[in-house]
């Protein structure tokens, strides 16, 4: 077995702890330090339980660790770009949660630093590593459905988040649908050229207050001519609804929502299958491990990262075009930026 | 269009009326007379509503009708054989509900008369004409699953019938499982050689009182070496459960219970499909029409009947072996009778 | 049984013959005359085989029949309005195939005549009478899914029609998606306020030549606030793809494509279900009979028609807004017209 | 986190290595020694790769390890009883692969030793820990289906094993169906009273040569009156077929074969789902980990083992009755032995 990668964790909130728990259980990694500016006793004891030897409020202690080989960036979105730049300066690999940043200029700077330094950067589009979606993509790219004509993505949360979450989220397109924008590029194998967004508030008035939408339908035109449509809702009423469908020239591929078990119950009222997995923690549990295994493999084998900074930028650019379209009521072009 | 077949109906109970309604709506037939020894005003007005011109208590009025070309025998089981013999004597075709008879000697006499006269006789094993079972059989006979190794049939009523029905039914093997014995021969394309029957009372004590079983598992050995297993219950709790599975050397074919619609409903408790069709009237509605259409076609084209007197006899012989096995607790040979 | 309605058929092309065959087999109707300006020997012999006593090239012979009680209008679209007006003048009921007309002014005139005369008019939106869609709508209207938030309709033909058909069709929105526009109003129980249409050519260059699209995604805003999205393709590659999904505040309802049988086949390559029904003739076969049965019932009981001229007009107005949107690239309001 | 249990492994064949890999990756255990009398260089290097510090041909080196707390017995079946007795003598816990032994006298001696010493013993009926089967059992025991009337188990291997395997397996009932006998008791919550077995050779003549069956149908009578039926085949032709169905007084529960992904592909030939998981390594992968996690929990919390020596004995006694029935052709009583 190879020597584990010495990794530092930035951010110990919900998603930072999720990654830390996974990394701690993987032989490919050794967490040598973690930092969170909002560190509280709970975070500290959780980190300790995972055997993280050094926990502080200051990210510099992580970057300054003499043996550091990689950082896992799961801090507040607006800090991502700066941490990527610091990783580039220290010449260490970085795994960065989505989105890279909500500010496109800062993303450009970060990606320039990455390019110049040649460090490895992976963006955390975890859904690419879900076995159902990954299998669907593999079949599409093998030509099973022929030329892609139409992509459909349904992505719905079980129930709305809090007002605090929504008010700071950047809006439905960059917070929630950004996963689907990445998935769209992944599935179709082509860039998105134009975006049309129709959003409204139907689930909870809190979205009105936050000047956000909770239900949205977005139409995509890809550069290869294919059409796409994504629907998002903050309230499915039945669990985490994550379905993808690809209509091609030869047929149609689709995946379905997994349940925790395949048990069926038949009575006079019908045939009842088990509930769909509740939320992303259940549905993408294995995918979170898979994406980090791939990150380790790419570092070890010196191969390209499976989701690059370029990918991370495109998703933000599509979200930005969706924001513009929601205002203009017409198709908006996705900006092209070369790094 | 050809001239309709002039047919008489014997028996105007539940199944006789069901057939009469179907026959009355089919251009292939014209009902010219009907008789039922227990004729009551309800039956009479139902028959009249279908436009049957002559209704009586005396079956002879049907047989004596000068234009009669065929009879549909849906009277009490113990009258079937005699009616078949009369049809043979008058040289007219007969469609006879299952079972031919519960008495094997009487069946022999009836089939001898059929053979001697050369009349056409079809037995009402309606399930062969269900599109799901028929498609399954077609695929099996085309070799889709390879050589048949194991046949499984599940056949369950939604809820137990009355004591009166059960007490006069002849028991679960000849009344209920006889359909499955016919289906077994139809699917495997081989005769049943030995039968092992295990029955018990679990649904309702009325079966105890009637010296009958309400739940039964029967193992079959076919002459071609294949194994079979049938389970029957008088209470599924969820509708009419009718499933067939064929395991072959190359794979497995199975059919599923149809519902009235394909609508799914997803909520926090699961994914709910519509109830299975409730009973044989819903499930085999089209099949009842199909079997009579085939009867008309065979008369018209002078081709063999799709379910013969031989088929009818075999199912009764298997049921008789099952009855013996339920007593002896061991495999019993199916009797062979040549007509 | 009531006396059959004496009906005349206008148009003996594919859809006219389909209706004629159904009407001829239904005890509720008696076809007393039929006309088609392009009458050919084939049509004539088909009509004769159905027992239609009078067949001509001149529609007036139908309207002038002394016993006529209703007309079934299945002629070229541009003749519909005029025939409706003639029915109004003669005070007879009319069943008119969709669309009422491609010209909105002519529709207005026809509906004014209907209003003034008080005759019964049913428009042939057959999908409302499909048992799967009808069951879904019933559940939605019973509140099973709560308030409707998002409607999704997928509607795809198995493979493209001929250039001749396309060139005279009026385009994908008025020819094909008009069914989905009607279904959208039926499911949501609210009018469509705004439409956004994105169409392109991906299936066959013949659509380019005909200045039409073969693949289209349309976003709808309903007056009750709900969103809708419809996708159409002229080539599914796997049969007639007709699925509807309603996301509500309490859960999600959806229907699935039926197959001819429920048989499954399992082998090393997977679990294989039977093909989806091929095209509208198979899928909506029963629905075509159901809509005419309802037409007869409404005439007989003097109750409102299940699909009215108002319904027919709305679908055309939505299609017209979609046409405008496909040009403007933005949301277009659906015109409101009061008759 | 608690201190890991120091465990020794007996047997490094296929199943021993599978367990060793799982145990090595679980924080609950530390493997301190392993032994296999047929130790070869491959086994040795595999064991080394897992970090097992001591590997020998002599099981005594394992039992004699001064820190040993538990043994995992995955050696040849005829050695199980003796190893259990040695564990009892040293007062350490034992996890023993199924079956305990093929010789019932030896099982009695082993279980007496366990009883006298009070050591913890878990038998490796892994299927109880599969999430689909476990969920089904939980629902049955919660009364979801009401009183159990009929249990059906289908259990089929993808393709026949080698002659060498079969010749030493003890036959289909004790080698393969023993899992189903355990599952039957687990699901119904009642002991098996009588067994009827019908077996034959349909998959491969090698079974004839080994005086074994490759296809078998077994009927069970439970002491609570329920009926059961199990079908086994050594060749499903489509992967590892593992389905359970429980018909109760209120409805029917069933589980289905999982696939590696939920992707569907629709084309003109049908709707195709992904293949069923191929064999027990894929299907019961997580269950193998779960059973050992439970073993650790029971040791740690000093709670009863989830599958006891009593359970292990009953399954062997049912298999023994099945062997007798296959010869006698009638129901055979399951022997009752009290330890």
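Think of it as A, B, C and D in the order they're written, each chain with its own count starting at 1.
In the analysis below, a residue touches a chain if its C-beta (ideal position, glycine included) is under 8 Å from a C-beta of that chain, and two chains touch if they have at least 3 such contacts.
Keep in mind it's a predicted model, so treat the numbers as computed, not measured.
Asker: How many links in the shortest chain of touching chains run from chain B to chain D?
Answerer: Step count on the best path from chain B to chain D: 1.
Asker: Select the chain at the greatest separation from chain A, using centres from the mean of Cα atoms.
Answerer: B
Asker: Which chain pair shares more contacting C-beta pairs: B-C, or C-D?
Answerer: B-C
Asker: Quick check: how many Å separate the C-alpha centres of chain A and chain C?
Answerer: Here the centre of chain C sits 43 Å away from the centre of chain A.
Asker: Could you please state the distance in Å, as a whole number, between where the Cα atoms of chain B are centred and where those of chain C are centred?
Answerer: The computed centroid separation for chain B versus chain C comes out at 41 Å.
Asker: Quick one: report the Å distance separating chain C from chain D, using the average Cα coordinate of each chain.
Answerer: 59
Asker: Spell out, as numbers or ranges, the residues of chain C touching 2 or more other chains.
Answerer: Those would be 145, 236-238, 241, 250-252, 266-268, 274.
Asker: Taking the touch rule as given, give the residues of chain A at its contact with chain D in the complex, in rising order.
Answerer: Answer in residue numbers: 1, 49, 131-132, 135-136, 139, 144-145, 250-258, 260-268, 274.
Asker: Can you list the residues on chain D that touch chain B in the complex?
Answerer: Listed in rising order, the residues are 145-147, 149-150, 152, 154, 156, 196, 198, 200, 202-203, 215-217, 219, 221, 225-227, 229, 231, 233, 235-238, 241, 247-252, 328-331.
Asker: Which residues of chain B touch chain A once you look at their complex with the stated criterion?
Answerer: So the residues of chain B in touch with chain A come to 236-239, 241, 259, 266-276.
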